[in-house]
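Quick notes on the structure that follows.
Per-chain residue numbering starts at 1, and chain names A, B, C, D, E and F are given in the order in which the chains are listed.
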Amino acid sequence: MQLHRKKRIEIIAEAAIVPLLVEALHEAGASGYTILPALSGGGHHGAWSESAMSSAMQMQMILVIASPDLAAGIAARLQPLILQYKAILAVSDVEVIRGDHFA
Amino acid sequence: MFDAAAANLLSPMVLFFVLGLLAGLAKSDLTIPEAIAKGLALYLMLAIGFKGGVAVAESGLGGDLVGLIVVGVALSCLLPVLAFAGLTGLCRLDRVTAAATAAHYGSISIVTYVTADSFLRQVGTSFNPGMVAVAALMETPAIVVGLLLARGGAAFRGGALRGGLWRETLLNGSVVMLVGSFAIGWITGPKGMEAVRAFALDPMKGVLMLFLLDMGLVAARRLREANKLRAPLLLFGVAMPLVSAAIALTLATLSGFAAGDAALLATLAASASYIAVPAAMRLALPEADPGIYITLSLAVSFPFNIVAGIPLYLAAAEFLAR
Amino acid sequence: MFDAAAANLLSPMVLFFVLGLLAGLAKSDLTIPEAIAKGLALYLMLAIGFKGGVAVAESGLGGDLVGLIVVGVALSCLLPVLAFAGLTGLCRLDRVTAAATAAHYGSISIVTYVTADSFLRQVGTSFNPGMVAVAALMETPAIVVGLLLARGGAAFRGGALRGGLWRETLLNGSVVMLVGSFAIGWITGPKGMEAVRAFALDPMKGVLMLFLLDMGLVAARRLREANKLRAPLLLFGVAMPLVSAAIALTLATLSGFAAGDAALLATLAASASYIAVPAAMRLALPEADPGIYITLSLAVSFPFNIVAGIPLYLAAAEFLAR
Amino acid sequence: MFDAAAANLLSPMVLFFVLGLLAGLAKSDLTIPEAIAKGLALYLMLAIGFKGGVAVAESGLGGDLVGLIVVGVALSCLLPVLAFAGLTGLCRLDRVTAAATAAHYGSISIVTYVTADSFLRQVGTSFNPGMVAVAALMETPAIVVGLLLARGGAAFRGGALRGGLWRETLLNGSVVMLVGSFAIGWITGPKGMEAVRAFALDPMKGVLMLFLLDMGLVAARRLREANKLRAPLLLFGVAMPLVSAAIALTLATLSGFAAGDAALLATLAASASYIAVPAAMRLALPEADPGIYITLSLAVSFPFNIVAGIPLYLAAAEFLAR
Amino acid sequence: MQLHRKKRIEIIAEAAIVPLLVEALHEAGASGYTILPALSGGGHHGAWSESAMSSAMQMQMILVIASPDLAAGIAARLQPLILQYKAILAVSDVEVIRGDHFA
Amino acid sequence: MQLHRKKRIEIIAEAAIVPLLVEALHEAGASGYTILPALSGGGHHGAWSESAMSSAMQMQMILVIASPDLAAGIAARLQPLILQYKAILAVSDVEVIRGDHFA
């Protein structure tokens, strides 16, 4: 069985800007993405936890698997948004089945 | 006035809010699932909008409604300027966070409005059934004013008002729910109400009671999670509602509005948004500190209005109307 | 008929559905939490099943019920074949996606049924209280027919009908909820209803109203998210309900069913599944394109039935019954 | 007694519980979203607490209430010791898991209590309205006893009672909700009830019915997911409630409590916690096996009490009261 | 403090087939797994987001930590299901405390 | 565009002890963390799935991005809790934008 080397990009960002990031992902050429919910967290701006009152500090995680080249392009395309909105973007190495599924 | 305050304080709604505050401050693990709380909030908007619409269908648009709308929207535009002056001048907040916070105080909290509505009914003070439309129209103008305060003219040229923000502002869920339910109530009238009253009308106070429990929990948690608010900011969170209510009551008296209408207008002016405006501000003014504006509006001004503000504004309105 | 159409269009239920559609198409951020929507759906199944069971306990199984069941199940088996012919022949869909889509149109949508039930009550047309059992029995036969259409005899030998699929099909949540609530309503009868009517009966129309708001939002979002549906498919989503309803009405007339029963049977025939069947199809026919079958049943045929279909089927049933 | 058993078995509540059990054992995919189930549980605590408080405001604290509280708290402290002896001696469970399990049986299940309350009302047996306060006070003492059994004196010196545990125990959500709602009901009295009865009182039985459906599903799933429970443990899950109820009934008879009060006390004694105590035990006794104590209390004793125990305890209480 | 080299397997698949995958994980000898929810996503088949109407496109994530050998076995055992149902399987390197906990 | 080498720490633990772990993270000097929900899972103690009845077996995931040094300190600080409560802690390599955001 053959595995294919890809990159795994994980973005932690406020729910409010996730649509902007997804748009940027499309522009960068990502062929797919998955968004996961978060419950709570903490950082330089204090702690938050999900609540119906306000989604203003609610974070979500975006997960993208992409080829190394595309991953570099995605990171470059998203960087301004990541900096402006103080989101987190982390890249790591993964190996996948179905290599051709990922742009 | 003491009677009114007691009636308010001893209503199950306010008592459950206090229970939530206490439980939250004591770090009880009592929590209401986020989905349930969101569902309750949507229900309250549907119910209050629908009820208002049906009431308008029954008794017609009161003659004062246009005047109430004009004054309400004017307040939503002017109060942020005042709040901004106070926040930058007295509280020494940075320009952008001050502008974002100011926008919250120009906008409104629909749960505060619903609580006032049920309080007025309880003490038997009547008001214009179209008032809920005033509430809906006051939700968003303050957002634009806040952006202008933060960015000046650049708000229109640059990024702040671009992208999803207009939609976020004009089509945000709570406005659509309120205005839509109001319109549907108006169209279907008493016959529509009859079909759905066991869902949309009868349980409303009870739902408000459970929702206020959650608001208490969330407000207490916010107070605990927030990086400490300095004293001048805490003071602002109590003083601003009082100032806003005083201005609203003055304008209402000059306009000759009835006491019930004046009290609701003051409640709307005094209340601060914690749903629609924070979402817009995170997008448009990401460098503003949400720890300040959410904590102030949700954990300071909201409890103040629920527990003490509403009966106070009614007492003042009745005094001025004499 | 125009009266009926107006009564339908001006009911709060349909107006909230339209509100949801408009808000969704305008990309408002109004959303109903998934858990709430699932809870509302479960509630509607419980309430409609229980009510049907209690009604049967009160007034007995109508003489026509066996006939209604036979015709209903026959429709659930035959309509997929028709739909399959149309989808492969006229719409040039691939065999497997066509078969999966056809299964949806043989099965039913319980929310469409609940809407029709409350519409009939509103306009005062009576029907067999056991009709909800017909609805439950029409949910699943179409799944098997769809698999046969996709795989031929291999459906039974190969993988398609293996594994969890039989369970998924026969014990799927909505069937269990409907049939179980019906049985419990039947067992406990009017006394049981008395104990729980403030929960299970009175708020039902209001819950339906909120649920239809969500359906409108979801249908609009589905329309926007879907890769574009070609015109022939869109046409199919409107034509198939009409054809199904016409066949159902013909059979109902030949069988001498009452107008109310005929209208409900036509509604069931015209409605397409968007809960049970998609889940089964993803497992059994993974190569079929869900973008086609969910969008067609949820975003085209469902709105058509709610807004225009139901009063139309009733008008036709009453015309034929004369 | 057979009448009572039949009345219980044929109530919609118990039938929905059985439906859930059957659907779960048959591996139906019927599920109720976690958030909805949590919301229903919170609602039931609010409703039962509030109702009890209002009843006390109306009819005063019955003379027996102090006695009921004393006996209830004593049971909560003593039953764990008995359970521990049985679990280590007869079932040969390890010391820590036995102690953790014992704590569950000293504490109570509020849903079992709510079911008994609605059963007593149905068959027309009256009881002390303050009984819900007894339930709240019985929730937590058993936790401390369980820790002592597991750790001996080290429980107080070492880690077990440190940290969040005291808070977890004394301020756990269900206690706060019950006691808070009871207090608010007492303060606001019949006037408060009037304002919220369409939410907090009327739909209660119906909500219980839906909640019991979920309990049935969860109990069945727990039975399937659990690593097999050996026969002696299964037996314990049925015998312990009977023993606890017998002791409670004896004490109630010696104290001269009325039949309704005795039956509720027996129900509380027989019921085992599956919310507050497991959470505390995971923190304090991480080496105890949750697969044992959750399965026993939730999937064995709870169903037994709901289906057979409650009418049995009432019959015995009425027999003893003669 | 010693860390142990393991593999982290992440599977993104439709909720409907997650039970099949879990069964296959058991057969492959995995000693544990955790399932996380997803909110929405997009790919070759268009976008989806969770909704009560239909779980037909709802995705979930399965996470498995396993020894390198077992991980290879798991990937091989799951491959046919991954291909048939067009799921995603990605493997990466991790180091864990409690090495003996993982088969 | 420059990426910075960090460590990604992933902890799977019962919801009940997550507050203890977060406290320990603070003490270890983590500048931030995010908590994600889990739906169900299985392991040596049998299977669990989220339910309203009892959060006693409910798991959550804590995610922390930290510098390699801090990550070692975090793992050391959390080890006793991980062992006592039989949680899972896995560390992997990632590269991030905004290196200075992470202690």
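Note that in this section contacts are C-beta pairs under 8 Å (C-beta built on N, C-alpha and C of every residue); 3 or more make two chains touch, one makes a residue touch a chain.
As the structure is a computational prediction, the values presented were derived from the model and not from experiment.
Touch-path distance (fewest steps) from chain B to chain F is 2. Considering every other chain in turn, the ones in contact with both chain C and chain D prove to be B.
When every chain is reduced to the mean of its CA atoms, the largest separation from chain E belongs to B. The two sequence copies chain A and chain F touch through a face in which the numbers common to both fall below half of the numbers used overall. Separating the CA-averaged centres of chain A and chain C is a span of 38 Å. In this assembly, the C-alpha centroid of chain A lies 34 Å from the C-alpha centroid of chain B.
Each chain gets one centre point, the mean of its Cα atoms, and the points for chain A and chain E are 19 Å apart. Under the contact definition stated at the top, the residues of chain B that touch 2 or more other chains are 33-36, 38-39, 198, 203, 279. Residue positions 36-37, 86, 92-93 of chain F each touch two or more of the other chains. Contact between chains, per the stated criterion, is found for A-B, A-E, A-F, B-C, B-D, C-D, C-E, D-F, E-F. Considering their complex, residues 10-12, 15-16, 19, 23, 26-36, 39, 122, 198, 202-207, 209-210, 213 of chain B touch chain D.
Contacts from chain F toward chain D in the complex involve residues 14, 16-17, 19-20, 45-57, 84-86. Contact residues on chain F toward chain E in their complex (touch as defined above): 10, 12, 36-44, 59, 61, 72, 75-76, 78-79, 82-83, 86, 88-93.
Across the complex, chain C meets chain D through its residues 33-36, 38-39, 42-43, 46, 50, 167-168, 171-173, 176-177, 180-181, 184-185, 187-188, 192, 195-200, 203, 279. Within the complex formed with chain E, the residues of chain A that make contact are 1, 3, 6, 8, 22, 31-37, 60, 63, 65, 92-98, 101.
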